[in-house]
Amino acid sequence: MEFVNRDIVSIKDFTRPELEYIFEKAKEIEEKGYSRSTLKGKRVGLLFYEPSTRTRMSFDTAAQTLGADTIWFAGVEGTSVMKGETLKDTIETVANYVDVIVMRHPFDGSARWAADVTTKRAKQGLKKVPIVNGGDGKNEHPTQTMLDLYSVQKTQGGIDGLEVALVGDLKYGRTTHSLSYALSMFDTRIDYVAPEALQIPAHVVSFLKQKGIAQTKYSRIEDVIETADVIYMTRIQKERFPDENEYNKVKGVFRIDKSLLSRAKPTMRLMHPLPRVDEIAVDADDDQRSYYFQQAGNGVPVRATLLALIMGAVE
Amino acid sequence: MEFVNRDIVSIKDFTRPELEYIFEKAKEIEEKGYSRSTLKGKRVGLLFYEPSTRTRMSFDTAAQTLGADTIWFAGVEGTSVMKGETLKDTIETVANYVDVIVMRHPFDGSARWAADVTTKRAKQGLKKVPIVNGGDGKNEHPTQTMLDLYSVQKTQGGIDGLEVALVGDLKYGRTTHSLSYALSMFDTRIDYVAPEALQIPAHVVSFLKQKGIAQTKYSRIEDVIETADVIYMTRIQKERFPDENEYNKVKGVFRIDKSLLSRAKPTMRLMHPLPRVDEIAVDADDDQRSYYFQQAGNGVPVRATLLALIMGAVE
Amino acid sequence: MEFVNRDIVSIKDFTRPELEYIFEKAKEIEEKGYSRSTLKGKRVGLLFYEPSTRTRMSFDTAAQTLGADTIWFAGVEGTSVMKGETLKDTIETVANYVDVIVMRHPFDGSARWAADVTTKRAKQGLKKVPIVNGGDGKNEHPTQTMLDLYSVQKTQGGIDGLEVALVGDLKYGRTTHSLSYALSMFDTRIDYVAPEALQIPAHVVSFLKQKGIAQTKYSRIEDVIETADVIYMTRIQKERFPDENEYNKVKGVFRIDKSLLSRAKPTMRLMHPLPRVDEIAVDADDDQRSYYFQQAGNGVPVRATLLALIMGAVE
């Protein structure tokens, strides 16, 4: 298992033992506490070409807890991008300032491209600067998937044998595709709960089938509420729809509230990548099964662990 | 006197002994110097939903002087708010990342609401994250009032027995309402100098009357220039006016310059919450009585003291 | 040679021995490594009224490597400037929070004005806060010139005796004017390669002539490619042109690619202040002569050295 200088671009680049290793280290960091000497003198660049306060702040926190410094921008307003600078040039430049680059960019594949740039740079004798994908368009957001999976393991004591229901926009949401893939490395059963037009794509189903994962499609939350160990709600994202009419038809249909939630197992945990709009009613927040805010908090130990591993500060 | 985990929402939540205690500690911190070990390993979230570079930088400085880390955003552009996230959800999320939240928000009462959210969170067994109100709409900005009062005490050697003149927009300006309230805890005499349409509201006068404070309304700065110990100028804020015509009528009338200032007592100090536009002429800046820039500087020891007190790092 | 509390406003304020001293210290810092105790407890304010992610991040990095804290804003959106605050008042206020102010501002002469404000402040018994000009409109960007010159010295082993070609927009580009001036302190030969309409202004030529510098104008890169020790490309900046037609005429004419570059001496180094648009073809990036990204990286040791010198942390 080699993490030093590794780019974190796609969840598909990781094996089950690697994920388990990351989770073990993240658990250790939560139990033993963060040490500010771990990444002292290191610097993390947070290049957010697209809005994402949650992800940026979570990475900033993760870096700070281990004593790293950060430099950042959020939004292209006020960057050289506005003067026509390419992603390559920005990466080549910022690589001089930092030890790791975390980036969010609206284009699919941009993180891989950036990783190639710093890999080529390393071949010319300069320091390799690993790239952490903080979301590349509709493509991937691997550290979100890791914290999701870490949250499942942390709350259920393990992942094998669980029934996980994915609810909402399963067609356009990159989150559920990545999570499906990650869950398929474990012995899990997956429920897809979505309106027909937004069901999980065939390529995901086909991939998981080859791995022997039991998958069932449902059209109502009621069908899974009593059996699921984890329900993973997703927002129906207006901006992912080509057509606003399609959005309006499904908006608000797949929704969970306190009453519905009370029918679930006491050990079930309700998760959500956030931000939510109204797919989880606010009256559900106080239920012990509601875990989405703590789930967001799990981003800190998971991301801190990743930063430490790729900078070679934790073995 | 209990400060640990306390929310700083309104100046009205504080007693005179509490304010005097904060000022005593702030004075100590100014005299003995800041220690970076005080808040080492702590993190402050600066959530500025509304522009305020001065307040944000002042809090950032205050946190840094004591060794705390900060994470921040300024403006809703680039935040989950744009995707429909509620204040509650942002607070619930960010509470996972930080030890204290300082927030500025355009809605009156938003700071209290946020404080309720983190209090409820604490009741569920999670860490209490105190809220510091950095300005909630037209409502309150308690740390501004504290630094104002600290500036009065610091320059005059005490607050009892002083005549303080409040000048400018006394109707719409939250600053002067809060300062009037705070001054009423001391044995002070207050002059309200404003055009009739912008005079201090009846509810303020009535409240202070019950406390036995001597209050007089004036329509010209000349009426108070020779007797006041402190003159507190305020900007006539265009954005607070429902009608631009009303703004244009009064703009620039209530103005102080070097010549007028020279008639004041040598020990008088001219204050202003900043930014100023033209209510204080630039030629007044060099007068020893002009104190507004140093007043802004007093935000650092006062805010550092508050952060240390509510995080339990200073007794 | 006195650097403590010195404002860094114009490259013209520096003598050759001073520049050589800065470069010697920057080299030392690169060789011995940065010490985080150098500026521990100091704070740098980065006031960027105009977009410049590269310069801001480079200064932020420089400050952090020496252990200083930073506070910053980028763009006037969200600042008191929008409420009508003058530069003077912002400087007077921020001077309370920090030990040094680095600023970028769209107005020519703004950095000198800010320096005058903090100098006057110091005469009133307050701490002098040095101003570092991070670009004031079309006027100056002295730390860019310093890192350019440092890059020349670092790659060529010295500056005397070199032939330096300046290419591109030599009329509107402040970068090449400042660099010409700086090069004139050394025994150099300067080639100006530009279309007639964008040639170097007479006042620059006249100034350098008095200093005995050999200067020649060229209209093609081919004329200098085989003899130059350094080729300094510049972007033809659309925003500096009064007329878009003028821009379109020259755009893309002065361009260098791998094939043309291969005709240069192996020790020649190709530089650029960045961002580039298409004046250097991407296929040139891998050539050993291409130095522009490493040049940007030299901003860190040069700026760190300057910050340390003006705060009296390095002798």
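We call the chains A, B and C, going by the order they appear; numbering starts again at 1 in every chain.
The rule is simple: contacts are C-beta pairs under 8 Å (C-beta built on N, C-alpha and C of every residue); 3 or more make two chains touch, one makes a residue touch a chain.
Since the model is a prediction, treat every value here as computed from it, not as a measurement.
The copies subunit A and subunit C differ by a rotation of 120 degrees on their C-alpha atoms, rounded to the nearest 5. Although subunit A and subunit B carry the same sequence, what matters here is overlap: shared residue numbers make up under half of all numbers found at their interface.
Chain geometry summary: the mean Cα position of subunit A and that of subunit B are 40 Å apart.
For subunit C, residues touching at least two other chains, in rising order: 77.
Residues 40-41, 43, 45, 69, 71, 73, 77-80, 82-86, 88-89, 92-98, 120, 124, 126 of subunit A are the ones touching subunit C in the complex.
Against subunit A, in their complex, subunit C makes its touches with residues 34, 36, 48, 51-54, 57-58, 60-61, 64-65, 74-75, 77, 235, 237, 274-277, 282, 285-286, 293-294, 296-297, 300.
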